[in-house]
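After this come two complexes, each holding chain A, first together with chain B and then together with chain C.
What follows is the complex of A and B.
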């Protein structure tokens, strides 16, 4: 029957089909903050990001491993609290669980917070698939002197319960053992949660009607309950008329009954229950203080960026030394091999100059991600949504929208994807529009280069100002667009904050290292691919012109391209073909702006003392001074993000019109802002 | 009184929610139902509230806190062995 009703949400779950090649598909489901991703990583070694706020796993992540003679295919589902159809994550998870693609569900629960986690467990059991409960964070349970009756819990739930500790990698084999055995277990005839007589009677009637239409339906009880809850998705796709039985929504009664049962379970299985939260409460008294909260947050972010620029610079000096010796060594070697001057120029100026320069910024980038990981893993980031909620409400957004914005300081791509946790499309569009204004890590090289060239001891301050200006412009943009929306729509949507604040914990060194390494790897691979390619292309168009190979770059194709743009950028003080060309190149990746300047000014290592001096002189001769530099920083801050970010924006907005609008808006905004800076600055100086 | 007007650091029992859908359902799914015990932890200037419910700290905006009606929890026994509010004769 399933094949006859392919488009129907109601399809049978035939999990007891024959298995070939001992392949098992396992879905990992669990609440946010339950350590689900850590457990998933412990198995697959796929070093996924481990975050600390709800809803970070916005993508379907897969991994596989072999154990005994089984191939285990794991899918990491988004962190969710329930299986209704309110959010994208819940819908995705529910559809996946109901599909034939999954054999066994591993429900990952935070054992130290069992009461919250069991609600999802009960819903999963009701769906009729084999479920194994993985009780994670058992170490914390012990630490707090709590005990869980591991005999009574599986009895009451009717499913296997396996204690594990993802962080210490204990209980992993036993869990998979239970998974491989439990998939063959037939569902029991009695139900875990029994509702009131009235509801049970209705379930029985609906079930009979469903079975008449779909005789092979594996889990009619689940559909009957969903129909009684008036679940929008199931109700709209159900072809069986049950309107005479479902006279109203019984959702509240059904939820109440589940929580009653959870309380019964907690009472029976949890010994020494206590709210060991004094530490978190004490810290929160300061960090979420109604007056101090915002200054503390601004202070924290200020410190993060200040350290990124100052501390990172120290280590960068060492890398620069290495790069210089490497470049000299390479040039010597190439000359000794009788390599032609054009090839030497390509390798030394183009590749080493373009890619090498970018690599020296690695310490700054690594340090920034280290800080972001620390804020996430400690539990502070979720608090920021609460602290900033008041301000965010004034501009028409919920405090929750602040998380994508914060992530945007790292990289725009995951930040845009994180907007999926926002509930309505209007908010998402707004956040997608302003997130690129939060300076991503790829812009750091540009700020560091320009400000150390022109602002001397105020270099850090000049770079830091980009973050403040970007954030202010983002908030202002959201505010204005809300005003425009409200004029068009008399009933503006209310943005309600609702978020779980996890308990503070000492950040896990392993999780942080994994997160930093992931991002450093990303940066390195970008240097090896996009930036490498862009550097080679740039070298080529700067060394060749209509007359062939040119010594003077102003005769090159690149110069011709840059000259087209120069007049447009003139009011912003950026009317130089070199600048125009590097800004275009920056669309490939923002770091390319810097590597292109390296090639343009023929300096292998523009960050070295001699390189800086040479570049400063060349720029000075062009008439490019401090004000031009600041205007350029402003332009880079606001203008259209890199192609990778644009692709994600297009994917998330699902509209060519909106994407084009975002693209144009950012370009125009950058132009206007930098023109204002240059013109007003010119009057003041 | 509403959760917004409740005092910091005190324990309360949820009487009812005056919220509209889908916010109502969302909170119910998080276990905020009639008779649930909560402890208010903090309040921001804009009216957002942090409170403890079923072992979880939740932060909610003013628009939600204003529509959750609570009354004081007078029970001395703070553990969960105490049955939900219905037995105390509290009905809407």
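What follows is the complex of A and C.
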């Protein structure tokens, strides 16, 4: 509140002076999944991630475009349902809207869900800034045979209402036209929502007190309402004593009055009201069923990973053939050029052996992201959060916490970032701790390699079990930590889920292709950078020892490092210096575990039939069998994530102590789990 | 001779990767996993790559 004097001076300029500036700052605000990012992308040409599930945007994103001699600076804000200050997104959005940085707010509403979207609209109008309502998804409204009275709606709300369709890019010019005009409009003196006499009387009294202290306050009514709601942020920053007026929280009365007004609006403007398509309802009855919901989800994910492991094989065979030919051709060429044996070894064993091995897994990665993109775009992912809410509540988390866990199947880094949508730090810490247990795409090569080496026709099953075990371990860890917390704190936080279940949509082929391509591009880029670097370093420490260049890798620096770790890993059946070294190398990126095995065992094309045979024989000679392989898969599943993920964890936790705890916990958990698997497995087999 | 040139190219590229990694870490960006990342747009590494 203290900075509002400055705000007010700027507001008065905004409303009283004709604009001569060429620049206009527009904030896109709206409910989750109302299409803000799609609209933002349509204007700016950006390719920000969009998905048919809420919570994709967790921080504000900026872009600009030129239209009619004006520069329009757009800010895409995280989706919010209201302007309370319970979650980070709400805080980010509200702070931005209240700041001087925004000239006009574009409230992006899903027209097919008008009733729900209008609550935020009313709050935005109450804030006293110029608001234009963009009615998005008008195509769905038409499809359902619904009609919206576009004459009466702006009359009732007192703001311009523009129908648009962000996906089809219709109505975009008229929306900006309205924005451009509306910024100069004087704010209305009458109120859109009029509360009961008691509340209006209190608002009047608080407003008078606020204006006495802050004479230039532009929107005292908004602050008065927030004080009556006992909004924590406004109450803590307000220096005006209103305790004699605010005798209790009037939040419920204020909310109810807004919903009454929304009902009046809907009654008047919506013709042929139909909440959801019959198809969505019918499918939801099965997919979100109380008992069937979870088995269906497990089945869907099982299918996704089964397809990931099996469908890519055909294309993988072709890539393996190319890699083998390329390796032979490169070796011949290097020999023909009289290249020295050290350089030949660096290129063939180090670079081609390391990077090439990883490239052959590209089809598996592409299929995984194709499946995930399909599920996201169809609207199923939001249902999963809803279905898992019961279980998540039982372990002391909101169903919302399952979103980062799902993202973790792709990559841990964005999954950790997505924990920002969680309401409190305690939940965030817990989810950050368990998210790396979800098998990220980088672990796929390890599962594929070890399971195809040792488990024959059960290879897919062995790989699939990693996903189930990872998820179960994550949930169990959260449960135990909640139990410990609850012992210490008798009033644990209440976790509630507020999530929109979007319409099922036929996935958009373009969005899916962009999503898959972005991930494939990233995988290729990783192979050419991180994995290249790791392969060269690994080759170096495996080819050089205290006596210089060594042919026998057991005399190398790498072997010495691996031998330090081997005794610790022995109870887990992983007491081999090669395994120890490859696990250390895996800290750079998990794929490096596989590429390092290629280098360690001198196999260029580890996934080819000949490569697999050679590898199996070498490992067999070492005494490394199926049980050791499964124990290694378990260790890889749980142990410390890659350096990038660890750095992001440190960045998000903002605490060296917590980061160290996460690091140690995962390491110890991995060791204990793999020791249990190996020892118990040894008794059974 | 060819071996020396190839070795130098590999060394130069490796050096460049190390330099870039150090630069990114100094700028507070530790990863290159941009697709699907909700904070990619504000990350210097993402801007570097695009």
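Miscellaneous remarks
One rule holds in what follows: the second predicted complex is superposed on the first by the 588 of 685 C-alpha atoms of A that agree within 3 Å, B and C clash if a C-alpha of one lies under 4 Å from a C-alpha of the other, contacts with A are read in each partner's own complex, and residues count from 1 in each chain.
FYI, a residue touches a chain if its C-beta (ideal position, glycine included) is under 8 Å from a C-beta of that chain, and two chains touch if they have at least 3 such contacts.
Since we're looking at a predicted model, the values are computed, not measured.
Using the contact criterion defined above for the overlaid structures, shared-chain residue A:255 touches chain B, although it does not reach chain C. Of the two partner chains placed around the shared chain by superposition, chain B is the only one that A:389 touches, whereas chain C remains out of contact.
In the superposition on chain A, A:290 makes contact with chain B only, not with chain C. Of the two partner chains placed by the overlay, only chain C lies in contact with A:413; chain B stays clear of it. When the two complexes are superposed on chain A, none of the residues of chain A touches both chain B and chain C. Residues 2-3, 6-7, 10, 13-14, 17-18, 20-21, 25, 28, 30-39, 41-42, 49 of chain C are the ones that touch chain A when the two sit in their complex. By the touch criterion stated above, chain A contacts chain C in their complex at residues 46, 48-49, 56-59, 61-62, 334, 337-340, 343, 346-347, 351, 407, 410-411, 413-414, 417-418, 420, 515, 518-519, 521-522, 525-526, 529-530, 532-533, 536, 643-645, 647-648, 651.
Residues 22-23, 25-31, 33-34, 36, 41-46, 48, 50, 52, 54-64, 79-81, 84 of chain B are the ones that touch chain A when the two sit in their complex. Those residues of chain A that touch chain B in the complex are listed here as 81-82, 84, 86, 113-116, 119, 251-252, 255-256, 259-260, 262-263, 266-267, 273, 275, 277, 280-281, 284-285, 288, 290-291, 293, 382-383, 385-387, 389-390, 393, 398-399, 494-503.
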